[in-house]
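You will see chain A twice below: alongside chain B first, and alongside chain C after that.
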Partner chain A sequence: MQTRKTDSLSVLWRSFRLATWLGWQIESNWADPFLFAVYSLIKPLSSAAILVIMYSVITQADFESPIFPYIYLGNAFYMYVGHVMTGISWAVIDDREHYKTMKYIYTAPVHFPSYLLGRGVARFIIASISVLVTITFGVLFLKISIDPSQVNWGFFLLTLLTGVAMLALMGLTLAGVMLLLVHHMFGVGEAVAGALYLFSGAIFPLEVLPAYLRPIGFLMPITYWLELLRRLLVGKVASSFPTLQSFSNLQLYLILVTLTLLFAMLSFFVFRLCEKRAKELGLIDTVTNY
Partner chain B sequence: MNFAIETNHLSRIYKIRNNKKGNAKELVALQDVSLEVHPGELFGLLGPNGAGKTTLIKILTTLLAPTSGTAFVCGYDVVKEAHKIRPIINMVSGGESSGYGLLTVRENLWMFAQFYGLSSKEANQRILQLLEVVGLADRINTKSSDLSTGLRQKMNIVRGFLTDPQVLFLDEPTLGLDVSASRDVRRFIRQWLDEHPERTILLTTHYMAEAEELCDRVAIINQGRVLACDTPASLKHRLQRQAIYHLEISQVNHHYSDDLKTIQGVREFVLRPRDGYTVLELILDRDETLAAVVNSLTENQGRIINLQKREPTLEDVFVDLVGKSMEDVERGNNGVNHSES
Partner chain C sequence: MSNVAITASTIPKASGWKLFLKTVIARAYPRIIGQQREKSWMFFDIFLPILSIAAYVFVYRAIGAPEEYIGFVVLGGAMTAFWLNVLWSMSSQLYWEKEQGNLALYIMAPNSMMAILLGMALGGMVATLLRALVILFIGGWIFQVQFMVADFWTLILVFFLTMTALYGLGMMSASLFLLLSREAWHLANLAQEPIYLISGFYFPVKNLGFWIALSASLIPLTLGLDAMRQLVFPSAAQFGFLNLHLEIIGLGILCVLFLIGARYLLHYMEKLAIQEGRLTESRR
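What follows is the complex of A and B.
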């Protein structure tokens, strides 16, 4: 009588696919294309500009130094962190407080983590545009030299996607925590991204940090991810930095994958724990008419 | 035989944290609820605001964990087998405008149908069909944010029926709708069940007439407890030996209420101040008691504007069980069953 697929893999895929569609409808729903431009082009460029000005003041405009592409690219790729984590975790607040659909999504035959991951895809695409624009700007106007024929694009793409998967899993953990927050907090994703910024080697080597803070950086997969992305794009220049010099590219990738897998297990575990707790406390949909 | 819904000694306690003192208050939202709903039934949960109706629906729809007791939907445990329940149920809450405002009516409904694994073709057919029934077909391509609250609620109701659930939970589906829209919705609910006799609906309401008109069986719930559960006719049958009167009287002083309490044979009464007069609903043990009531009225300088003997309603059953009207329960402190812990 009915044509319904219910086996679990297809539920996973269905949840992810529909959430991606929905997320894109929401993110691309710009009443005004001007807003879209501000959001995905002007904002990243202006933050890059601030970085360039600060750099130029501190180093007396020493743009030849290998530290410049190191900082510039680190900052550019770091944009993924805020976007991806926010995209996924914010879906909890959005569905719960704004659209008031959380209970209908939650009680539907949906694989909840896959749904939330799907909701982050649109922000990933927007982040990619921002990153691309920022790097292109750097290459054209700031003498960042990337030689496309020297770049192993396959490896680069693999690294990029592995890192994005890692960020998505961090976003899922954050989404779990959001389920437990009664008062919605704006910009939690951005705040977490901001807090981790200093420990990820994005704009300075970990050696700059006091010794007791460095382990945080070495434990974070983001650190290895950023390092590898930079090395793959600007080669030797980036490896003149001390932090991870002793590791080969392959070693960096293996560390990244290992940490990502550990994070994957941890984040699903934490998410399910938060979900269970939210159900006990009655927080899955906090805005119903009680 | 399997029940569509079954609960055994189900209880739910909310812990409310008291920020300043650090000690938690406990609020008993459901207490020892045992219900059995048969497949094919339209089962009503009737009770005032704060009675625990939504809490029960949340537990049954796998949104909320019970504190103790067990609950089953189509034989599946709501805690351990939530994933088996979700594909075969659906839920609609009234009195809220949910939905993705930036999507059209069709897109909203299509997406939810997809979550349940309906094919696009089947979904689109049903969407059109159901929208026609509720009179929303001409708005199919309207962004749902452009719909009025009432129309949005109708869209939401269609969303619930769209997936043809085995068990459908309707939490105050007509809350906030105007009279004619409410009537449409009630007719639609009844019609759907007539056409799908093996489906089950659990409906909550605090409108007596709605429960009376729609439901095969009704559980009366107050302060988390089920006080009675039967067909509307049998519930009313409990009051067949009582004499029930509806009076409209001129304004009286407030002693009158105290005086009524002392009259032998006045089982329950409800006073409702209206514009310029007062309505007095009386449940008397026998007709003869009316004389004493009228005497007392005269003593309190009141007079009768209108008097009618009438048949019992579910309203009277509630008053008889609780000792207060639903309005009075809602006006007074709802959660009196607090306890410090």
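What follows is the complex of A and C.
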């Protein structure tokens, strides 16, 4: 009995570890390291620059206003959503439509959810570098005031990792849904990421949304995650918006953990359900060339 | 002689301009008909751009921007449909065709590759125009944008020139993608946000400074979008990069440049790809 448990744990770990290595090769070895580094940085810096220019055109570059770090940091940390959540679900498209390896993975001694989570690790690393560069750029050139001595780094790291785990689980849910989709599955990850960008108060306080849309934002764990990350880095500046002002940092973290646990249960349930249905419908290795 | 052979010999063979025209229509056909058969594009191709339009609109509202900026975002957001179409369905299309094994068939067939690219461009343009109009209509309705067209025929001329130059650029870059393998996907992916930034999709391009805006004008949507904003929003003239007439002349030059460039580059790249044996390779 004990041996069987150890064996299944070893399969989980092996699936995760090898998928991490594979994911990194897929993401990075299409170009030489310099080109890959440029590619990884240009996209996030450009999307941040769009917001910076929009902001500076309207406010005459008033970077001291508290709304600026709110927008800038929210956008920077949101990169994790695109990379981790969408990245994990994208692995289904990659393996099924592009590399056509899905049936081999299913017939190999691989734990598929662990494999998918492993594929997200490379995206997490790339996202982390992009976030770091974007924030460093903001601190050096755009007056984003982060005082390292005032930041509770332990709490910050804990919050960051909790959020990344939550995004990975959301990615797993999406991956399950993608197993069932044939056409237009390419747009699903982007659609969800786009909706979360809009409703989670990533780049504007939720008060700006019409009142009937705000409750959607309050249901999203990302809303609390981004708020907490902003508060932990720039302190009172970020908490000067009324949206979540009445919550302490600890309360925000507890809400985040609770919602993450709920998503964990939901994601495993949804994934298993979708996987079972995809097997019944014969969709696991469908190639549409769509 | 079998029945099939008799039938085949009685079908008149098209050649010259007739073959060219038939090829254009044949390649444009699936682009236009495809969207009638797969209705889910309505959700993804309209819902997605509206989400990003909404996010940028709310950023402008959060920082107290004048209302015309909301209009700029809606128009810019609608035009992203054309850029995405050129990137994914023109430039990288020959790479997809290579992956699926169609490219070798295109090369072997007696038709012109230029006609295939033109068909792809025309079909894509018509299908994307429909999407862009729906985005514009829904975005304008949700965010109460006031469009006031100053000169309808000039607007049509600007749009026509922008599309000709843009799809000419797409045809030109498609030939470059003939040489690429899996890096094609990454390069097309890279050309999204940076182009949204330098072409001023969400703000007047004038704000980037003269030289950057001038360099960005090599992408037809930079001048086209700026000219369209000047024609659709009365107050936009003050935000315009160049005088409207200069922008029209610039677009005309780009049309000629890119269409001729596409003709020569396609010929050159096809020869190079054949010499280097890249037409049928599949490096995933």
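Everything that follows uses one rule, which is that the second predicted complex is superposed on the first by the 269 of 290 C-alpha atoms of A that agree within 3 Å, B and C clash if a C-alpha of one lies under 4 Å from a C-alpha of the other, contacts with A are read in each partner's own complex, and residues count from 1 in each chain.
Keep in mind that, in the parts below, contacts are C-beta pairs under 8 Å (C-beta built on N, C-alpha and C of every residue); 3 or more make two chains touch, one makes a residue touch a chain.
As the structure is a computational prediction, the values presented were derived from the model and not from experiment.
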>> For A:Lys143, using the defined touch cut-off, is the partner it touches chain B, chain C, both, or neither? Pick first, second, both or neither.
In response: neither
>> Let me test your reading of the model: by the given contact rule, A:Ile42 touches which partner, first (chain B), second (chain C), both or neither?
In response: second
>> Which partner chains sit in contact with A:Leu18 here, chain B, chain C, both or neither? Use first/second/both/neither.
In response: first
>> Contacts for A:Lys279 in the overlay, against chain B (first) and chain C (second): which applies, first, second, both or neither?
In response: first
> In the superposed arrangement, does A:Thr107 touch chain B (first), chain C (second), both or neither?
Replying inline: first
> Counting only touches as set out at the top, which of chain B and chain C does A:Tyr197 meet: first, second, both, neither?
Replying inline: second
> Is A:Tyr99 in contact with chain B, with chain C, with both, or with neither (first, second, both, neither)?
Replying inline: both
>> Considering only the contact definition stated at the top, list the common interface residues of chain A for chain B and chain C.
In response: 99, 289
> Can you name the residues of chain A that touch chain B in the complex?
Replying inline: 2-6, 10-11, 14-15, 18, 21-22, 25-26, 29, 99-101, 103-110, 276, 279-282, 284-285, 288-290
> For chain B, which residues count as touching chain A in their complex?
Replying inline: 14-15, 50, 54-55, 58, 61-65, 83, 86-87, 89-91, 93, 95-103, 107, 111-112, 114-119, 122, 159, 164, 172, 175
> What residues on chain A touch chain C, complex-wise?
Replying inline: 30-31, 39, 42-43, 46-47, 49-51, 53-55, 57-59, 67, 71, 98-99, 183-184, 186-187, 190-191, 194-195, 197-198, 202-205, 208-209, 289
> Once bound in the complex, which stretches of chain C touch chain A?
Replying inline: 38, 40-41, 43-45, 47-48, 51-52, 54-56, 58-65, 69, 100, 182-183, 186, 189-190, 192-194, 196-197, 201-204, 207-208, 284
